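Structures for review follow.
Look for subunit A in each of the two complexes below; its partner is subunit B in the first and subunit C in the second.
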Partner chain A sequence: MHFELNYQQTWLHLLHPVLKFIIVLVLFIAILFIHNPTILLYLLIGFGVLYIGWTGHSLKLISLLSIPFFIIFVSSATSMMFFGEGNTTWYQFGLIHITEESFYRGLHLGFRGILFGLLGLLFALTTRPVLLFYSSMQSLKLNPKYAYAFMAAINLLPIMVSEFQNLRNALKVRGVTYDRGVKGFYQRIQRFSIPLLAQSIRRAHRTAIAMEAKQFSNDRTYYYQVSYSLKDLYFITLIVTIIVFSIWLSTIYPVFPVDNVRMD
Partner chain B sequence: MRKGLTRTDILVTIMIALIFSVIYKIWGPLYNVLSVFGLHIDQLIYGMWFMAATVAFLIIRKPGVALLAELAAAQGEFLFGGQWGVSLLLYGFVQGIGCEVVFAIFKYKSYHLLTVCLAAVGATIGSLVLDIFYGYIDQLALWNLTLLIVARLIGAILITGVFAFYIVKALEKTGVTKLIRPLSSKDYQSLEKETG
Partner chain C sequence: MLEIEKLRVIFPDRKNFIFKDLSLSIPSGQKVLIVGPSGSGKSTLLQILAGLIPSVIEVPLKADRLQVDSNYGMVFQDPDSQFCMPYVDEEIAFVLENRQVPSREMKEKIQRILARVDLQLEDIHTPINQLSGGMKQRLAIACALALQPDVLFLDEPTALLDAEGTKQVWDTIKSIQDEQTIVIIEHKIEFVSDIVDRVIMLDDQGELVADGSPTRVFQDHKQMFDQFGIWHPSSWSDYLVSRTPQHKGNDRTAHTLIELDSASGYYHKNREILVDKAVINKGDWIAITGPNGSGKSTLVQMIMQLINTKGSIHYFFAEQNLPIYQKIAFVFQNPELQFVTNSVYQELAFSLTSKDTDKKAKIKEHLKRYRLEQVNDHHPYQLSVGQKRRLSVATATIKVDDIIILDEPTFGQDAINTFMMLDCLEELRQKGITIVMVTHDQQIVDHFATKEWKIDQGQLVEEKYHDLFQSEKVGVSSHAL
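Coming up: the complex of A and B.
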């Protein structure tokens, strides 16, 4: 199986992978401490523009990947909206109890869910895994054992997929049928999971032995040399600008009447 | 007998983890669809996200494998564009630690169904702690929070515990686990019997 996405390289692709990774990680932790939904909304707009405009992928793919965002929004917002704690009741019906506090907290969680998804996709769409592992070995001193195991395993996955197709065809040729409903689901798991897992483990084992036999060692030279550039500085400046601007805008134009969704 | 993780252990663990990260990626939309129904039905399938840790540990049976598997699976899901983005890594970390602690309590020598179920509980606790920060679950109505915890625990015990245990049991029959597990004293004894 061969799978390749067509995309144009943008400046986001040329950033230092580890640096980009660390920035996204720091952003994630910082966002956990933002309890103001207005700031999140502005951040969402800022990163949304970056996501739509600069990943270098076709608009079709970008909109396709954005569909889950709505489901994420609904799923992370609803249970807090309906069942969260709060004092100012807006609506009550049976178990459902919507209060002003829980409503905005739910909204906040929805925004947060989308924002994390967006940042994750922004990273995944603009980073080649191979370069991420190479630069982790070079700048984070990640043990090559782990990095190469990861890259080898990623390359073994397509083999597993074609094996899955073979298995499915073979079962079909032999006229295997499944029951309906949950029982059928269980039968499928039984017939597919064991052979696929066993074969993958055997293959990984053989690959590891081969690596060992070829004297895989930790002091090595690298085919890809990853380095920092001015673009990294631009990226950091851009991120800081988006954050500062969002906080500033939220003080002048607060979209929502609450600035802290937590009740302490 | 060599201590620590060999290259084979690492590669096999990461291979298993990556298979699970593909499953996790598919699990995301399924989880979202279920959560639209409300009342935390989605939590019943949450346990799938802990499964890489227990399966990898049961196959390789060495310290550190559970954590490595869970982290690698999270990293894989992240690289495949998982919808939770970077938060996956932190969740992977706490869930892996949750399993690892339970296995460590038994000194990595116990592979019973009960131990695996306890590991599932450990992972659940890990994920709940992070949910306080991420999902403000401490600010749900009490009955709702209880429902969430109970549903997630049941799901975790069934999927991460029971299901993982029986999958590895079935794998043992294929003989593939003999390739990678460290030799136990039982193996040496059987060897002596044959030669003696």
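Coming up: the complex of A and C.
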């Protein structure tokens, strides 16, 4: 049983992984300092187009992965809207108190949540872990010991998934039943975690010995030489363009009547 | 040259020495086979000879002299846990990187090494999880060769492979051997005997009990091979002679238990198995055979209703309000997955419901039948491989007494455990329990099965009756060494 995702390689896959990682990280932090919901909306559209069009994955997978972010959007936005503070009351019923200020603040928070998710997926869907670790070893001087530990661990995951399925069948056959609700969830965790952990620890130990037997050393050459290319420059330019364009658009077409959702 | 003098090893949690004053010397270029019962410390010895113990695995050890060769390559038993990278080329590159081979030379070297182990892939960038077991082990050999070793250690490289994969691996080893020293641990010596020029035998105390040329050791210590459960070319014929032949009695009029009619099993909407028409009758011993990945395990999961099915499968069991997968006793390939309690006794008790009467007596009887009385308060994980297997069968048969399905129960087992298991199953069959078993072992098909279902490419392609008396077939496999 294997869990390969089929995808078309796009230019986003060919970017320098560490550089891409740093750009995404910088964007994450920068977004925290944007308080204008209009800018966030335009950013969302810009990165949304990139996400839908250029990850190289099927539309089905892309939309499937978006579902949790819409849930986050709806839940965080509504909770902020319903219970936030503000001066201009739009609607009030019992505990629910929607004001103009809290409405835009909620929307803002929701946009931010989606944007985080989008950027994270954009990175994860276009980066092979192996290449990320290779380039981390080369440009960030990450200790190979840790890089290979992570790569070996990622390798164990699909084996664990098939083991989980076997275990589930085995427990079914043995007639194991669970209570309803939280208690049942706890029982499930107990039933599954111990055998899975026991197997994984043994497997990890064996893999470690096999790696040592292959004379693993920290002084090494690299099969993949990860280097910078013009594409990286295009990417940076594209990102900067999206940001500048969003800010500019927000001044001429301000979708929302507020440009700062913070409390005074 | 590998040399050990007066080696003493003890595992921290055990009372006895694994090795007590063991001395051994292996001259360069020699091809050595180490045999012994499970628990004799063969793997430990191999890891000491490689220097993995004590530098990587910390085990208290003392020796007057310990000369090892750090330039070695090792192939391990489990094809799934000796690779750290996802792709074939990346895995070999990992070794080349360790040796600091310049990256521009790597592609060509990888191709050459793969050709040497006869692993022909369209693209060297192939996911390792798409390879068969035999191919994975040949990749492991390729990795060992990429180290350009003086010594090659092989720790039961074919224990978890089917017959086809086993043959491929030993053929590869035969073709690659030249100057280097080779030290092999193997339970099935049939394939190894013409590679090695020396056999060393350890007993269950870790004492060296035999050392010499293969012919010599096989002749002089044959009864020890049997005693330790090591497979040798006449294991089967000796075993079959010792049994009282029983009529297999293919009773075609017997009462039908399960009837399949154009039944198919699905994984993620893909049809993985199709059975046009087949029946399982009471008293049958059905052997399900076929190449790796042909759908044998899927077939039994379909019968168990553990996967989605279409078509019709009729079960003629006594009416009980239980799902099908609890009405049929089922034994998984890895028995550990089936254990849910903390002791052997509780494990058996778990299978019984509150309705069952005479619980204690029933459990006692099963403990006795499967020879588990001595360990009834042990944790299931602490049992030996053979005991685990017997316990998993016991937990299945204590609950259900119509039919038992087993997924490769003799896989990777030594001779003693295999024969014990077969005796046990035959006894059940004599009592009227139907047995369905996925197996790769032609001997089991020939001597035990009443019917063989051949599976190929997701289809039941042939149903064959085996009506013969066992005694008529004895001697088929005995060829001289």
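What we mean here is this: the second predicted complex is superposed on the first by the 257 of 264 C-alpha atoms of A that agree within 3 Å, B and C clash if a C-alpha of one lies under 4 Å from a C-alpha of the other, contacts with A are read in each partner's own complex, and residues count from 1 in each chain.
Here is the rule we go by: a residue touches a chain if its C-beta (ideal position, glycine included) is under 8 Å from a C-beta of that chain, and two chains touch if they have at least 3 such contacts.
These numbers come from a predicted model, not from an experiment.
Superimposing the complexes on subunit A yields a three-chain arrangement in which subunit B and subunit C fit side by side. By the touch criterion stated above, A:Q215 is placed in contact with subunit C alone, subunit B being left untouched. Of the two partner chains placed around the shared chain by superposition, neither subunit B nor subunit C is touched by A:Y253.
Within the superposed three-chain model, A:F93 lies out of touch with both subunit B and subunit C [touch as defined at top]. Taking subunit B and subunit C in turn and counting the residues of subunit A each one touches, the greater count comes from B. By the touch criterion stated above, A:M80 is placed in contact with subunit B alone, subunit C being left untouched. Seen from the Cα centre of subunit A, subunit B and subunit C lie 70° apart once the structures are superposed, a value rounded to the nearest 10.
Nowhere in the superposition do the C-alpha atoms of subunit B and subunit C come closer than 8 Å. Residue overlap on subunit A between the subunit B contacts of one complex and the subunit C contacts of the other covers 152, 154, 156, 198, 203-204, 207, 209, 211-212, 216.
Those residues of subunit A lying in contact with subunit B across their complex are 24-25, 27-28, 32, 65, 68-69, 71-72, 74-76, 78-80, 82-85, 97, 102, 105, 109, 112-113, 116-121, 123-125, 127, 129, 132, 145-146, 149-150, 152-154, 156-157, 160, 190, 193-194, 196-198, 200-205, 207-209, 211-212, 216, 261-263.
Put simply, subunit B touches subunit A in their complex at residues 6-8, 10-19, 22, 28-29, 31-33, 35-36, 38-40, 42, 59, 72, 75-76, 78-90, 133-136, 139-141, 144, 167, 170-171, 174, 176-177, 179-180. If you check the complex, the residues on subunit C that touch subunit A are 47, 50, 52, 56-57, 72-74, 76, 78, 80-86, 89-90, 93-103, 106, 127, 129-130, 143, 147, 301, 304, 306, 322-323, 325-326, 330, 332, 334, 336-340, 350-351, 381, 395-396, 399.
Remark: subunit A residues 2, 4, 130, 148, 151-152, 154-156, 158-159, 163, 166-167, 169-176, 191, 195, 198-199, 203-204, 206-207, 209-217, 219-225 touch subunit C in the complex.
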